[in-house]
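Lettered A, B and C in written order, each chain numbered from 1.
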Amino acid sequence: MEMLSAFFMVFTHPQLLMLVGLGTLAGVYVGAIPGLSVTMAVSILISFTFSWDVHPAIALMIGIYMGGVYGGSRTAILLNIPGAPSAIATAMDGYPMAKRGEAGTAIGVTTVMSFFGGFIGIGVLALAAPFVSDFALGFQPRDYMLLAILGILLVGSLSGGSLVKGIFAGAFGIALGAVGMDPLTFTERFTFDLPVMRSGISFIAVMIGMFGVSEALAQLHHVDTVAVKQKISRIVPSFGTIRKHLPLSLQTSTIGVIIGALPGTGGDIAALMAYDHAKRVTRNPEREFGDGAIEGLVAPETANNAAVGGAFIPMMTLGIPGDAVTAIMIGALFIHGLNPGPMLMVDQPDMFWFIVGSLVVANFFMLIFGLTGIKIFTKIVEMPRAVLIPLILLLSIVGAYAVNNSITDVYWMLGFGVLGYFMRYYGYPLGPVILGVILSRLLDDNWRRAIISAKGDFGLFMQGIVTSPLSLVLFIAVIFIFVNQTPLWPMIKRRVFGRGKAAE
Amino acid sequence: MTSTPTASQTASEAPDVAAVAPAAPRPQMKRKPGEAVFALLVALASAGLMWSAYDISGFESLSAPGTVPMVTAFAMFVAAVITAAQTLRLPAMGGSFLREVLPLNVVLMALLLLAYGFALKPLGFLPTSAIFLIAAIKLLAKRSWGFTVLVSLASLIGIYFVFRVVFTVLMPAGIVPEGEMIQFFRNLLSKGQS
Amino acid sequence: MKHLILGAVSALALGVTGAVAQDYPTKEIQGIIQWGAGGSTDTVMRSVTPHAEEALGGTIVMQNVTGGVGAIALNQVANGDADGYTLMMGAENPLLYKVMGLGDKDYNDFTPINILARGTPILVAGPDAPFDDYAGMMQFIADNPGDLRFGSTGPGGLPSVVTAMIESVEGDLDVIFVPYDGDGPALTALQGGAIDVMPAVLGAAVEGIRAGTMKPLAVFDNTASSALPDVPTISSAQPDYESLLPWGPFFGVFVKKGTPDDVVAKLSDAYATGAEAEDFKALMDGRGFTMMNISGDEASDFLTKWQETTAWLMQDAGLTKTSPEEFGIARPGE
């Protein structure tokens, strides 16, 4: 009974309800603007809500979180510039739809599917949190490493034109992620003895440059073409569409919850993995992936919103953050006199049910705000390019600066913008670069931890993989996908050996 | 078109690069202007990176900080060499590098961005951005000065408000006494409240 | 002649800053937080600063400037103006930058406004570890050389200093050091069984200990902690530690050296008042931090002593790049 009253608390207090709504609305816009992140918004709210009670403060933060994860898809669809890292995969199929004037449909599907994924995440949080957190905690360094390798195999899905160029781009991304002082040993890597390189290259700067600036520069080629008129008559997808994608969205939501619940991985990796999964299981998409396949929107959007519920699982059950935002929320709970940790669920189950309730409300608000106000958003793409492009460039600059208050990041961003422009033009896919940067630390750090834990012995390391059920499943998945889905070996054979080129 | 059972995954010739490379027409059967030079530069840079990766910790151990960088740099180098070899075999498409790859608009905009980068710190965010927006929109849209200035300033104020005031991102102030300005407005507001 | 001009110029400069200082603050103050959002430095600074703002009657805008183990933020403040409009909100790390080769500046280039609080290290083990106390752990290491997995973070972090203490007392440890990039992720790994023992700051471990997901071995202090009164101190298990303790990471607010005295005084007063706020004290207590709230010479002395102890500890453990001697850091007790 107490549990129910805590759960419904947010429904029955108009002030809390309003704060969740306000937060969600703000979150959608924060998420949509590249460079403004939910992490940033929530950490500013900590000082802002310092003197408040804990409930309104948390309600506002949850709204922003839910809205922000969803909001990233807006700019991804409309401008091909992901507003947040978790929307990278959304751009792949969302933007081609906008180019055909189907932005309304794309946003509609995205919204409904985010709502769906959000609910799966919340459902798992409410019903199975202790179970999932035990499972997530059991991931050893070698399992994280195998997960990262699984992620790297996505290069095949993200490569588009040429797999070789995709592999290059993916490896380039991993190398970019390694630049700077290695956080584990303080060894300098790829710094070329330059002090600026020591602190590494901001991932967000790379993302904004590669997607935002290079896209803007590429569009300068046809600055005078009239923008595509967007059809926004039919926004809410038909029930048939939703039913058709129900099995897929259940699968991708599951991916989202699990990846979200793992400490150290979040919505960005979840969305990319879900995209890859959709590409693999969808037999006959109405349109090719990368050309506006609905499945290409369903998968990442269900996954990244399901990851929100997932991220709360270790936070609520163990006091361990599932991602950067929940890390800040743990800080906020501390400030408000609660002690997030394994005892929170025991000492204050009310808090848990209040958060679940707020998430549910935030999810509904996200649906409402997502399906209304689309007209204003689509107006953005209908603006004359000659005005839009300079604005995108300025926004990219401010966004890159805002992440770390650093001018160096702005220079990096512009540099990668120009590089991205050439890579784009010569057919090097940019998706794998970002994928590589995201996965670089996960792969590298955990590889080293795993090998060190095995006393530097590769045999012992393999023995560890074979004797742990979880590692074994992941390992088999890696082998299976590598052999079955990425025809790397036959391709190299066909391309290189086939033409009689020396390969030894 | 060769068709293998897995063609839809690798999409070696499938027309689906639009999402990540809208500027690249496909399928690419001819070499674009400058492509060979780019491919060779990329291969050269990868070789340099390979050396730099070896320099981190050499073949010290499997868990050394340089192990993963070495493997990735090697992968980059192999992929870059294969790409370069493939590119060089393609017949050249012809056309001028400047017209195809770097038309005037792109060069101008890149120069504007460069100037922006240099001016941002000494001049400050507000004046630099205002000049940048006005120049860029005037160049591209070729509309009247009134329209250009109005659109530029209105959007700049919007961006400034969101980032500086709401999100307290401290863009370089330069010659504008921003801190004093904002404190002034804050004082006005707090006086109004009490 | 030259002296005269210099004198005139500095007099002028003093005059100008003096005028500014009287009604300080006339504009927003920037607070540069050395670590990322959600970290303990961030949490501490964001909870004390609103109280300090109230006392000061100004606005302090906080931003996180991360990277280079905090050196980026330190250099940014050190390269700015000494006018009291840029605050450095940092932790203990800068005091080790010189010896670790991470930079050529440390808190000697700054004036402390307030050292807010100090953390206490604690040695924790996973719930399934085959020992329950410090002596048991040392016995296990002796019986199973090279088997125990110790969590570590980069050189200069709390775990590396604590490990250096253990090695300076017990001799080299034959254990595996598994590196993590912070004690948060390492404690997660400890609960998941990826590592066996981890030196951490008490506040980060206290909830896990209460819930039984981690096992406390010893508190690294000479007196027991009020948050965990039942956990034995390390010096009760091994008296040789007594001379090295108390030691712990700390949080402080600083301004660039050369900031006018009255500005420093105003800021110090504001933060001293802010640190007295009940909810801030409750927060620090709950997270297992010891309130310090010191400023002026007391703070400077604390910093000097901290740097001497720690730098030489690291030097003796062979973890430094350059000897503390090079920078005129005296060996403690000399």
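Following the convention adopted for this analysis, a residue touches a chain if its C-beta (ideal position, glycine included) is under 8 Å from a C-beta of that chain, and two chains touch if they have at least 3 such contacts.
Here the structure is a predicted model, which is why all the values come from computation and not from measurement.
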Pair with more cross-chain C-beta pairs in contact, given A-B and B-C: A-B
Identity of the most central chain, Cα criterion: A
Computed distance of Cα centres, chain C from chain A, in Å: 33
Chain A-chain B separation of Cα centroids, rounded to whole Å: 20
Whole-Å separation of chain centres (CA-atom averages), chain B against chain C: 38
Residue list for chain A, restricted to those that touch at least two other chains: 40, 184-185, 405, 448, 452
Per-residue multi-chain contacts in chain C, two or more chains: 62-63
Chain B residues counted as touching two or more neighbouring chains: 168-170
Complex interface listing, chain A residues touching chain C: 39-40, 42-43, 46-47, 50-51, 137-141, 180-181, 183-186, 198-200, 263-264, 314, 318-321, 324, 327-328, 330-331, 334-335, 337, 339-344, 346, 404-406, 445, 448-449, 452-453, 455
Of chain C, residues touching chain B in the complex: 25-28, 30, 58-59, 61-63, 85
Interface residues, chain A side, partner chain B - complex: 33, 36, 40-41, 44, 80, 91-93, 95-96, 99, 156-165, 167-168, 171-172, 174-175, 178, 182, 184-185, 187-190, 192, 213, 215-218, 220-221, 223, 279-280, 288-291, 384-387, 389-391, 393-395, 397-398, 401-402, 405, 407, 410-411, 414, 417-418, 421-422, 424-431, 436, 443-444, 447-448, 451-452, 456, 458, 485-487, 490-491, 495-496, 501
Of all residues in chain C, those that touch chain A in their complex: 37-38, 42-43, 46-47, 49-50, 62-69, 71-72, 100, 102, 146, 149, 154-156, 176-181, 184-185, 187-189, 191-195, 206-208, 210-213, 279, 282-283, 286-287
For the chain B and chain C complex, residues of the former touching the latter: 168-170, 177, 179-180, 182-183, 186
